[in-house]
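One structure is given here, and the rest of the page talks about it.
Per-chain numbering from 1; labels A, B, C and D assigned in written order.
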Amino acid sequence: MNGAADVGGMMGFGAISHPADEPNFHHDWERRAFAVTLAMGATASWTLDESRFARETLPPAVYYSSSYYQIWEKALEKLMLERGLLTGRELATGIVESRKPVARTLAAEDVDKVLARGAPTERASGASARFKLGDKVRAKNMHPFTHTRLPRYLRGHVGEIVHVHGVHVFPDSNAHGKGEDPQWLYAVRFSARELWGKDRPAGDTVSADCWEPYLETV
Amino acid sequence: MNGAADVGGMMGFGAISHPADEPNFHHDWERRAFAVTLAMGATASWTLDESRFARETLPPAVYYSSSYYQIWEKALEKLMLERGLLTGRELATGIVESRKPVARTLAAEDVDKVLARGAPTERASGASARFKLGDKVRAKNMHPFTHTRLPRYLRGHVGEIVHVHGVHVFPDSNAHGKGEDPQWLYAVRFSARELWGKDRPAGDTVSADCWEPYLETV
Amino acid sequence: MAHSAEDDHHHHHENSELPETDLRVRTLESLLVEKGYVEPAALDRLIETYETKIGPRNGARVVAKAWSDAAYHDWLMEDATAAIASLGYTGRQGEHMMAVENTSNVHNMVVCTLCSCYPWSVLGLPPTWYKSPAYRSRAVIDPRGVLAEFGLDIPETTEVRVWDSTAEIRYLVIPRRPQGTDGLNEETLADLVTRDSMIGTGLPLLPGTIS
Amino acid sequence: MAHSAEDDHHHHHENSELPETDLRVRTLESLLVEKGYVEPAALDRLIETYETKIGPRNGARVVAKAWSDAAYHDWLMEDATAAIASLGYTGRQGEHMMAVENTSNVHNMVVCTLCSCYPWSVLGLPPTWYKSPAYRSRAVIDPRGVLAEFGLDIPETTEVRVWDSTAEIRYLVIPRRPQGTDGLNEETLADLVTRDSMIGTGLPLLPGTIS
């Protein structure tokens, strides 16, 4: 979707505030929001891509006026409300009224193991790759209302395959309960002039990782 | 600029609330903000295009969480602060400390005449038009950090000239104190499929008014 | 997609600022009056004009005349600025007009994606929804979805033509004359022409549906 | 462009919500604990891990080894996931790694325009600025402007290569080894490798600038 999260090339956000020694968390609630989000992720109640869609569908007024952990927290509420794991009244009162089960919970003694394992998205490849290193490809001009990881600023533009990453879970499918549908994934390099016009520096480039269904031959 | 105001094709704003019988103004401050903005516009302290730039440079968090007259009011403050017609302290205290003159003020008895006259932007044409009815043109892929009236969603796309509007003040120049620099203006029609991809209805189109410097031959 | 939680949040945001905005606007106005930049009677006159004088009745008369008078219709389609000015509707936010006409095959719809450009001289001030990011963002990418929300189901065989008012040209949609209106005079026809039908998000009323 | 007034406004917005957010998060956590969805000790362990164990020192050791050991360097450039895992850095948000190397002609810089993808396993949690719309929006359209704000003046003859982390591949920038570091051991070299130098928004420290 062309949501608030898709900010590449947008203007008006001002200077970048980058203090030298910043703690990981600025408030205790950030620690808790972070940990609760990870722990709920471990219950397998939604996929990574579903959680990204929950964040990017926050209305722009909310998204841009929220700090990042506020975005996480709001999306977490939304995911749980959607799945009936939480009710609005429970959130309002703090009193538990339902206990719909989750598939699993993360135990303290499993944290290290679970983090070390992570969640690899590479899958065994079935079909052979349509593109190879050095191929020129065009990012499709597509505007789905559903989740996609092809940013708006790349659409319609021609780049070159600079790396073949293997076959990975396809977010456009996995974000909507339609399965992993793994697809070939490529790093595609675009010249800054192709993306932003002729007054950009000649040699500069932007690369992005694009699944095969995002690309077409030129 | 690719600012918050340039929302064509963006998603996530939700349903359109359209009550049947809505007053022109919902609060008395909206009436006042409206009138003050028009009256200050009549002092000729800035151009229409400068006022649009003041609005579109509001940070996205502010722009999207403000109602339309709040946007007008915030931009009006900004325009006046930038020009030294108002100071932050005056706004905070409500006490006048400076009286930098303005070119003219709008008298009550002139309101009808001034509104009836409006502010036409058509100018005598010098150069002949580069494009004619039926020409295929491409909207340039340009991303200036300054004011432009070529929306992002049109850039890079091919359309057809469907009307020649004459020569009009060029906002990209006039928004930045660089004069009116009048340019030929055209209505350009783009097919929905060209703009948004192949799953759009075949016959649907979007037309926009584009100044000649926005366009290139295909 | 459920919007209620976020909408609440948004409204909370906006409304929490309102008392602050009210105070700010009153402060600003009094400063500008005291500085001599604005004249209070001029402010009142501006508000009065758009609250009582300039509104969609102007546009409705243009449309009714175009429905009734073939020569006027042709002039309007050829030079809308002059044809509309001939009825006395001129000036601010209507300096340069273009009329776009609905037919059995074409439905027109107007938006300003970049701000809120709107033909004040014939329609008055724009409604809140016209200025909302929701309308502005969706009108160009999903006009049929927007029209459906407004209750208009446009047949697949009808082309939807969206006009994005990116310059100082202002667009007036000339809706199709409803059936069963033969012989009605211009004033009666004008009663059928709604504001939304001249933006393209509505249709004219049918005779008999108004008192 | 002056941003102060709007920045104030923005901060006002954000901060006015903080007490509300604090309460909301505490309510949410207690509900989830009581429902048995999350275990308090697991939450503490997650926080402890990223506050004390996993941070940019991991990545610094990777870079220092690549600077010191040509075979490791080549392995890292060929298969970063395996080469980094050999040092014990694996797992969440580092499942699939790619190393991109700065040279005299190329400067690399990493961003995630769509969210905040970042190589946790080697750099820990991303700094606030990395997740900010300001950085995410500007890094791809004006990387040199961003780099200038971070104090890096990149010569015109150097190509700036921005990597937008749109998938689950995580990018680690291998900065150029500073001059005057011959003979330094890996631990001392790692002290020179800053977090920002591995994102591409900084350069390694020079020997002698650290105690």
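Assume contacts are C-beta pairs under 8 Å (C-beta built on N, C-alpha and C of every residue); 3 or more make two chains touch, one makes a residue touch a chain.
For clarity, every value in this text was computed on a predicted model and none was experimentally measured.
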Neighbouring chains common to subunit A and subunit C, by label: B
Starting at subunit A, fewest touch steps before arriving at subunit B: 1
Relative to subunit B, chain with the most remote C-alpha centre: D
Distance between chain centroids, defined by C-alpha means - subunit C, subunit D (Å): 50
Computed distance of Cα centres, subunit D from subunit B, in Å: 39
Chain centre separation in whole Å, for subunit C relative to subunit B (CA means): 17
Shared-contact residues (touching 2 or more other chains) in subunit B: 2, 9-11, 13-14, 56-61, 64-65, 77, 143, 145, 195-196
In subunit C, residues with contacts to at least two other chains: 1, 3, 6-7, 10, 13-14, 133, 141
Touch list for subunit B against partner subunit C, complex: 5-11, 13-18, 22, 24-29, 31-36, 38-40, 43, 52, 55-56, 64-68, 70, 73, 76-77, 85-86, 90-91, 94, 96, 98-99, 102, 105-108, 110-112, 114-122, 149-151, 153, 163, 165, 168-169, 171, 185, 187, 189, 192, 195-196, 201, 203-211
Complex interface listing, subunit D residues touching subunit A: 1, 3, 6-7, 10, 13-14, 17-18, 21-22, 24-32, 34-39, 41-47, 49-51, 54, 90-96, 98, 113-116, 121, 124-125, 127-129, 131-138, 140-141, 143-144, 146, 149-150, 156, 158-169, 201
Parts of subunit B lying in touch with subunit A, wherever the complex brings them together: 1-4, 9-14, 56-61, 63-65, 140-143, 145, 152, 156-157, 195-197
